[in-house]
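Paired with subunit B in one complex and with subunit C in the other, subunit A is shared by the two complexes that follow.
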Partner chain A sequence: MYKIDADFVEAVSHSDEFNANACMHCGNCTASCPMGLELLPRKLFRYVVVGLEKMVVENAETIYSCLLCKMCEESCPADVHIAGNVKKLRNYINTKYYKL
Partner chain B sequence: MSKERRIGVYVCYCGGNISDYVDVEAVRDALENEDGVVVAKTHMFTCSDASQQLMIDEIGEENLDGIVVASCSPKLHLHTFREMAKRAGLNEYTYSQVNIREQDSWTHRHDVEAATEKAIRLVRGGVAKTKLTAPLKNIRIETKPRVLIVGAGAAGLRASLVLADMGLTVYLLEKEDEPGGWVKKWGKMFPNNKRGDESIAKLVAKIRTSESITLYTNARLIEKSGSLGDFEVKIEVKGETIPLNVGAIIVTTGFKPYELAQDEFGHGLNGVITLPEYKEILFASGEDKLIHNGKPVKSVTFVHCVGSRQRQEDYDKPNLYCSRYCCTASIHSGLTTRGIDPSIHQYHLFRDIRSYGRYELLYEEARNGGSLFLRYDPDSPPIFEQAKNGRVRIQVKDQLTGNEELELETDLVVLATGMVPRENDELNNVLKLPIGLDGFYNEIHPKLRPVETVVDGVFIAGTSQGPKNLAESVSSALASVSKSGGLLMKGYVDLEPFVAIVDADKCTWCGKCEEICPYGAIEKITAEDGSKEIALITKAVCKGGGTCVPVCPEGAIDIEGYTNEQITSLIDAMIKEVV
Partner chain C sequence: MALPTGKVIGIMADNLRKRKNVIPLSAKKSTAWAEGLNLPRGGETVIYTGLLYQLMPGITGLAAKMASYENSFMRHLMGMGRLANKFINVAAFMGGAKPAVYKEYNRILRNIACLLQKSGVEFGYLYEQELYTGALLHDNGVEHLVKKQARRIWDVLQANGVKEVITTDPHTTNMLRSVFPEVIEGYDLKVRSYLEVLAEVAPEATNPLNKELVIHDSCMYARYEDVIDEPRQVLAKAGAKVVEPDYAGKLTWCCGGPVESLFPSKSKKVAEERVSQLAENGRQITAMCPICVFSLREAAEKRDDGTEIHDIIDHLSEAYCLDK
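After this line comes the complex of A and B, so read on.
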């Protein structure tokens, strides 16, 4: 059971740099990922949209494994800025958890 | 029949459709010597203009008094050949069509011999029936240029105004104190934010100044007799009975919101309200902060599919249908909420979003604006409980996060209740309208005849017929206007003469026919010589369904065009040589 954290949603999901609301969960990003990342972009972003900060932080390693190659972005039919979103998440974790 | 009949028989090749599987010439040969048959011919395409002209010429030259065309289904060319008969100076009802394509050649492609024999027997039957035809006349009804509309909601109001514009007189009935239905209680509505109360006020103001529209409030329809184009109705207005004479009736009695059981989707908890109630709060708060129970609202959770798309396994009498308006109305209410206070957190618990067509843009706007959409599975619906701080705590399994169990707290839960049919027992009894399994009124055909009912001259529109949004409701109201207006503006209507007739000599009035007639077309009268009571059939109401024929113990009822004698001789002709 996870509690939806409205503040986290506000801080990340509603910022201009992050945009995953258009995601329709088609899975094209997963299919085209050359790294075969364990946590799929659509699922990761869903955690963000829903405000599950804990789940996002737990998956920090996956977030940092992304090559930012934008293969997923190329094949996204909903124009989600996947690489940009990943960068925004890294930025959030860097600042809040790694105090960089 | 005393007079020898002169029948023409035409057997069609249908360009191979029939002749590939039926020996058409053999059929012609077999029919040529049939009693009463004067002409027997074949045509490659009987329906072609050239063939029709040949037949018309022959009808005149040979002085034919009945024709049989053995070709396709009457659904395709019955009227073609009836019109041909008329052009040849023949009564159109002395024409019979025999179907040897759909019911023979196309069905028995593997056996030409049997198909040919079947064709012969079918055509013989047609000839036997045609020999007993009488020249029949259409039933003409002079229509009255007045319409009764039951229910003065948005649909009824809009329909009244357009009928009045067409020059017809309208009697508009409303059972409440005021016209306007549900819409007058609502503020901004999708898609263009026009306010419901203002739209209704405009319509009502026009109606009150129209000379052709009489609005009766606190009114009920209590009696209806007569038929299409000429109904006698009685209405009761505040204890007073008023008789009216109208040509058509439009039923726009609307819906009622789904009523929740205790505990259903948290119903009964403090802070759990329905969408109509929420719309009233939005309406009352204007452009100011949103207040509920004296406290400012910080978060709202909309729950979709409440009372709609219910499953057989969950409810005794489930509403299986989608109510069409709730997804978009919830999303739009969310956007209105954001317009009042953008800091309010919004959650939508949904099963599937059906914001179809252009309303999809509202859904997109809501998502991009930060409303959170969580998809629940009806197998494990959300759980609601009162939190200690007075808010509502919701546990929901979000399918889009891989069935992660999520918990959220919210100030307000808004249940998007669906539409259910009204209980109009009295009206249903008076009008005898067919009611579908879902409890809404049934049209004849959902696509092709969407506002007509099996009761001729009685139309249905708006949400009395099933869930609709306001735009769809008004569209169907205007469709009912065009159907009723089209009927009444012409001044008369012609009906096919295939109705029941009573043999006054045989009838002893037992009342069995009156009991079984689903259309209420039969009543008791005193015979002309005053000796006894007999049944009278109102031709305009009778549909020729024939349920009265077999129940009559005296065999006193016949259907014109399908008399007992005709049907018996048709069967005899078909089974000739067999029994």
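After this line comes the complex of A and C, so read on.
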């Protein structure tokens, strides 16, 4: 059972740099990923939107494995800024967990 | 087992904070490429290398070390390494590259500058005042340090009266053209890649290449900066026939390089896949980013089938008889 964290939603999901609300879960991003990341971005972004911080942090390796190559954005029908969202998550983890 | 992400990024962040670069680099090594070119200091238009080519010998050496640590007990010592690095430059003790490697990367920058000059472009250079842009930390989400670095660079550019820069790689182009305007108010620098400049002004080749080259687009140029036609135009002027792989232009396939410092094994797998795609179209492959060239070349060497990866400037040097 994971706790929904409202502060996490406020810090990440409601920031200007993160926007995944338009994601329609079509899976094009996953299908076109050169790294073959299965989690990113639709499932991961859903964790963020609903405030499951623990799930996000447990997937830190996946978040930092993203190449930021934007191949996914080329095939995203909803124009979600996937690479920017990933960078925002990295920034959050760096600050809160890695104390950078 | 993966390297400890926070510790590795922490070392790079500490270096940028304390030593103004993710891997410390002396002023002598940063500027050695320009020796004897008599480039004027400063000016309204300057070439801006962002030190990426100069960092490549260090990056290649460290990448090999990190790959060896990935599945060894050494990865557990990264925390101690980070602590020690706060006081001494740990990278200096990890084995530097051979002088020939530095010479090779310096030759690339010299040839870019020489080709610009040969094309009638006038520009200066900031020499030891030039700073790394912080691209690697931007990718890894250490934004507060990137903002500080952007401010430092903008101050240097303004103090020298620089209005326009000509960049030499896609990552520096992206930072100066698309990232810095978002973090600095009033930032109005004109930024063009040397390939964009050459596409406009390069003369016809003196020694046309008359060969087929498979092109590998950089993700950063193609999808972040929309630099797609220009390298093709420049290669066409050089007399090359550009061969397009299945994944090209806006749909180019990443070289794997962006995660080399954190996940060497994953990075190499992506590079091998990309080289396989490219090699289906020919053995002579050209790339336009030092990180792409490094990642793809390493993967190509494993194939032992004659697949060669070269920086685009190597081909242009041949076409314009440079190679100084």
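What we mean here is this: the second predicted complex is superposed on the first by the 99 of 100 C-alpha atoms of A that agree within 3 Å, B and C clash if a C-alpha of one lies under 4 Å from a C-alpha of the other, contacts with A are read in each partner's own complex, and residues count from 1 in each chain.
Quick note on the criterion: a contact is a pair of C-beta atoms (placed from the backbone, for glycine too) under 8 Å apart; a residue touches a chain by one contact, two chains touch by 3 or more.
Just so you know, these numbers come straight off a predicted model, no measurement behind them.
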item: Clash-or-fit label for the pair subunit B, subunit C on subunit A; value: fit
item: Partner chain(s) touched by A:67 [first = subunit B, second = subunit C, both, neither]; value: second
item: Partner chain in contact with A:15 - subunit B first, subunit C second, else both or neither; value: neither
item: Of subunit C and subunit B, partner touching more subunit A residues; value: C
item: Contacts of A:98 with subunit B and subunit C, given as first, second, both or neither; value: second
item: Lowest C-alpha to C-alpha distance for subunit C against subunit B (Å); value: 22
item: Touching both subunit B and subunit C, residues of subunit A; value: none
item: In the complex, subunit B residues that touch subunit A; value: 299, 345, 347, 364, 367-368, 370, 372, 374, 395, 398, 400-402, 404-408
item: Subunit C to subunit A touching residues, read off their complex; value: 2, 5-6, 9-10, 13, 138-143, 219, 223-224, 250-251, 253-254, 256, 258-259, 262-263, 266, 270, 273-274
item: Subunit A residues touching subunit C - in the complex, by the definition given at the top; value: 34-35, 60-61, 64-71, 73-74, 87-94, 97-100
item: Interfacial residue positions of subunit A with respect to subunit B in the complex; value: 1-4, 6, 9, 13-14, 19, 21-22, 25, 43, 46-47, 49-52, 55
